[in-house]
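Some structures are shown below for you to check.
Below are two complexes that have subunit A in common, paired first with subunit B and then with subunit C.
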Partner chain A sequence: MRWINRRPSRGATLALQCLPFALLIIAYLIGSAIRLEANPNDKLLPSLATLADTVNRMAFQPDPRTGDYLLWSDTAASLWRLFAGLGISTVLALVVGLLIGLLPLMRATLAPFVAFVSMVPPLALLPILFIVMGLGEASKIALIVIGVAPILIRDLSLSALALPREQIVKAETLSASTWLIGLRVVLPQVLPRLLTSLRLQLGPAFLFLIAAEAISAESGLGYRIFLVRRYLSMDVIFPYVAWITLLAVVGDRLIDLLRRRAFPWSELEGAR
Partner chain B sequence: MTALTVERVWKEYGDQIVLENISLEVAPRAFVALVGPSGCGKTTFLRMLLGQEQPTRGRILLDGAPLPPEPGPDRGVVYQRYSVFPHLTVLGNVMFGPELRAGRSLGRTFGATRRRIEDEARAMIAEVGLAGAEAKYPAQLSGGMQQRLALAQALMMKPRVLLLDEPFGALDPGIRADIHVLMKRLWNEVPMTVVMVTHDLREAFSLATRVIAFERTRNRPEELERYGATITKDIALWPPRVAGQRTMFEVDTLPGRDDPALFAGESGTAR
Partner chain C sequence: MVPTIPFNAERDTRMSICRRTALATLTALAVLAVADPGLAEPKKDFKVAWSIYVGWMPWGYAADTGIVKKWADKYGITIEVTQFNDYVESINQYTAGAYDAVTVTNMDALSIPSAGGVDTTAVIVGDFSAGNDAVILKDGATLTDIKGRDVNLVEFSVSHYLLARALESVGMSEQDVKVVNTADPDMVGAFQTPDVTAMVTWNPMVSEIVKLPGATKVFDSSQIPGEIIDLMVANTQVLADNPDFGKALAGIWYDTVTVMASDTPEGAAARAAMGASSGTDQAGFEDQLAATKLFAKPADAVAFVTSPDLEKTMDHVRGFLFDKGLLGSGAPSADVIGIELPGGKVLGDNGNVKLRFSDTYMKMAADGAL
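== the complex of A and B ==
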């Protein structure tokens, strides 16, 4: 049988999915064991016991200085910034993206501008944001918005434009006004696509968040990583990175679940 | 009294002349089939009737008044594809027009208005033979059922003119025959004028009261750009078909006409 026709069974699929993760963990354990054997005080690849110890200290014991449970307070601070940034970006994308996709006049006015802005490297703007908006929450949220919103806007306006012209004309023959076409024909059909592109933007959003936190913050996942970097605390950095990744994966899955629940038709074959 | 008047209409895109000097009077309740080779401007002409495009010269009147420059609820349309909204169920698609008309701010209706629209929509769905499929999405329907849905959706607005752009071109012959029967019944029962673009002559002659052929009269390569298509044939069917009345040859559509043998004897008539 050709390789192209061989399909794993369900159990085999599960095993194959776990395999790369298992290999990564095993490679880490071996590397860690080798280094720790050479030098028990090695900080680069801490043992599982050290990692568990650190996670316990960060997550379940209050910090002696502030009394906070650091992992959770960092997570809360970071997620708040992330949600605020993505929320503002989504609203902007809906309003501006639909205007561009729907109205030729707005398209002529805004499309080249948005295309231009989306090419500005957001991290290059970070100093300006810090100078103008201060070192507080606003500049971090603004960085996420500047990084994510233009992409969302362009994607949304493109998917609004990709709707067949026939549908718009059809809606006109059903007595729809411009507003009603936007509200009842275009908006519901681009929302699933918006959720998908939001999923794809989760990675960049985390990138901007951590970059902003690394430079100036008082709490947050990125702040903590860059803080303990000074002490070579790999036992903190590794769990934090894993935790950030897990948060991103869960967010990705939740958004996709929301799309499938809220827009069952978008899963059907032939419905775009 | 004419439903549609087309007066010396030309359509040009830049230097390219697509249609030249089209004049046409269409009687109310007529069923006009536009035929012609690909690229001869049939669909462009239909778009001008729809208001999606404007004639370069000449004018089009609907019931004596100039056509508004954009599509509106007095002219319904069914395309070959993309006629129905994939995000609405069958019931939602059929209710869509009346809901948009009644709820100008949200495009939704509530309470008694909604119940009335829903009852009308359910009756219309049954009329086109889609009863039982109300909760399905268009992607779950076959091509023939989607076109039935598109007809139902358009007819809910009670348009004065129904424009059909190769509506049955993508359907299997059997399904197409079924939907022809439906189309004929709807034309007989609903007070509307129908203009249909088709490339299927058999379809044109079996449905229409009048068949109009668009053709380029000059086809030499150097003439292609400067000469457009025009009306070359205008055939009124005989015996004349009149909406709501039978022609002398026609019999009732046989119930349970799934058996092709029942229908075989009728080929060659004007049906």
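== the complex of A and C ==
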């Protein structure tokens, strides 16, 4: 049988899926054991027991100074910023993207500008943002919006433009107004695409969030990582990185679930 | 593709075959693992990390002008001097074992390498901050006006320590303010935003910020003299196996600061060069030097490090670090890490001495015995 036709059984699939994760963990454990053998207080690759201890302290014991459960208060602060940033970006993308995709006049006005703005490296704007908007929440949310919204807008307008011209003409022959075409022909087809590109922007959104939190904050996942970095507390950093990854994976799944539930027709096109 | 792993040949032979095979597959993590702390053999090649700060600029100057090479050649060793743009990263690299020595403050030496189990010796006590670190208020005349404000600073840094000591001096505590962690490169910009009204930072930021309208310096490190100390530390084991490395460091240092502190054209040129490489000019650099108590003579540094005040300072520092949970999450008391003072007296746990102040090499420099 050709390799291209060999398919693993269900059990084998599961085992193969776990294999890279298991290799990574084993690699970590060996590296950690070697370093801890040389120096029992080594902080770079802490042992599993230390990691478990730290997770317990961060997540399930109140902080002696503030009385907060640090992992949860950090998560809440970061997720709030992330939701605000992504929410504003999505609304912006929907409005501006549809206008660009639908109306040639708006396209002429806005498309080059959005294309230009989307090329500005957002992190380079951070010092300006901090001075203009202060060190509070606004500048952190703004950074996410600046980083994510232009991409979402361009993607949405491109997918609106990619709709078959015949559909629009057909709707016009049925005497649909511009408004009605936008609402009933274009919108239902681009909304699922918007959710998909939102999924793809989760990673960059986290990047911008953490960069902003590293510079100034009093709580947040990125804040904690950059704070304990001063003390090489990898026992805090590793669990936080794993937790951020998990949050991003869950977010990705949830948005996809929302797309399939809200727009069941989008699945027919195999738009995964 | 598997990246090649730079094995240390000597270490390699000590490793079992099985471990080696496993390691070969571990790529990135294994690279971390072979950068082993406390790997002790006599060796010839040493690596020193430093970062930009007024009291450490001599190291860059010494590397550029051949002073490092002169002393390394004298002892038949090589010393690679690397400048880091990120202070914390330089300490982390040292703690991870990639460097043999690093420039660091007394507080960070205790909380990063020493708390990380890397036995560290202060080879050179270069200077202490006498005004380089400051508490600055907007629309406030005295320190007590800080009550209830948000204070922007680099959390857990010497600025945080300075704030704690400042609040103590007027009978307040950290409960009376709210600390907001802010990165040091953004301090000057941050101070110009309306919601920032109190800040603790260090030079060169302090000198920029006090020039801004409405800014008043209400407390600085000259009010706690000798507590924020700038050191050159080295791995104790490396130093014990290679005393020549310590001698070379002391030789380089005092050769350089003698030039730097002298009132001669060479001295002015050295200060101008150091000013330029720290992003200012000779005048700006000399302003910062004025807020620094530099020990240009080794005998002064020996007197400072052997005075009983050092014990009090380190007691304050370890108390602060323990308070903030920076001596390890499981640390039962500030005594968990032993700090050895010159003369052998140990502050804290005798069985876990991880930070040592030594006057050995500075004394050799003072006695002309290098």
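In this text, the second predicted complex is superposed on the first by the 268 of 272 C-alpha atoms of A that agree within 3 Å, B and C clash if a C-alpha of one lies under 4 Å from a C-alpha of the other, contacts with A are read in each partner's own complex, and residues count from 1 in each chain.
Rule of thumb we're sticking to: contacts are C-beta pairs under 8 Å (C-beta built on N, C-alpha and C of every residue); 3 or more make two chains touch, one makes a residue touch a chain.
Everything numeric in this text was worked out from a predicted model, so none of it was measured.
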Exercise. Which term applies to subunit B and subunit C once both are placed on subunit A by superposition, clash or fit?
Worked result: fit
Exercise. Between subunit B (first) and subunit C (second), which, if any, makes contact with A:P40: first, second, both or neither?
Worked result: second
Problem set entry | subunit B versus subunit C as contact partner of A:Q167, first or second or both or neither | first
For this session: Applying the touch criterion given at the start, work out whether A:I215 contacts subunit B, subunit C, both or neither, answering first, second, both or neither.
Result: second
Exercise. Who contacts more of subunit A, subunit B or subunit C?
Worked result: C
For this session: In the overlay, answer first, second, both or neither for which of subunit B and subunit C A:Q201 touches.
Result: neither
For this session: Please indicate which partner A:D53 is in contact with in the superposed arrangement: first for subunit B, second for subunit C, both, or neither.
Result: second
Problem set entry | Vertex subunit A, arms to subunit B and subunit C (CA centres, degrees, nearest 10) | 160
Problem set entry | Partner chain(s) touched by A:R229 [first = subunit B, second = subunit C, both, neither] | second
Exercise. Of the two partner chains, subunit B (first) and subunit C (second), which one does A:G31 touch, if any: first, second, both, or neither?
Worked result: second
Exercise. First (subunit B), second (subunit C), both or neither: which does A:F263 touch?
Worked result: first
Problem set entry | subunit B versus subunit C - smallest C-alpha distance in the overlay, whole Å | 44
For this session: Give every residue of subunit A touching subunit B within the complex, in rising order.
Result: 164, 166-167, 169-177, 180, 183-185, 188-189, 263-266, 268-272
Exercise. What does subunit C use to touch subunit A in their complex?
Worked result: 19, 22-23, 25-27, 29-30, 32-33, 36-39, 88, 91-92, 95-96, 111-112, 115-118, 152, 155-157, 178-183, 186, 189-190, 192-196, 325-326, 328-330, 354
Problem set entry | Of subunit A, residues touching subunit C in the complex | 23, 26-28, 30-31, 34-35, 38-45, 53-54, 57, 64, 127, 130-131, 134-136, 214-218, 223, 226-227, 229-232
Problem set entry | Residues of subunit B that touch subunit A when the two form their complex | 50, 52, 70-73, 75-77, 79, 81-87, 96-97, 100-101, 104, 106-107, 137-140, 153-154, 157, 159
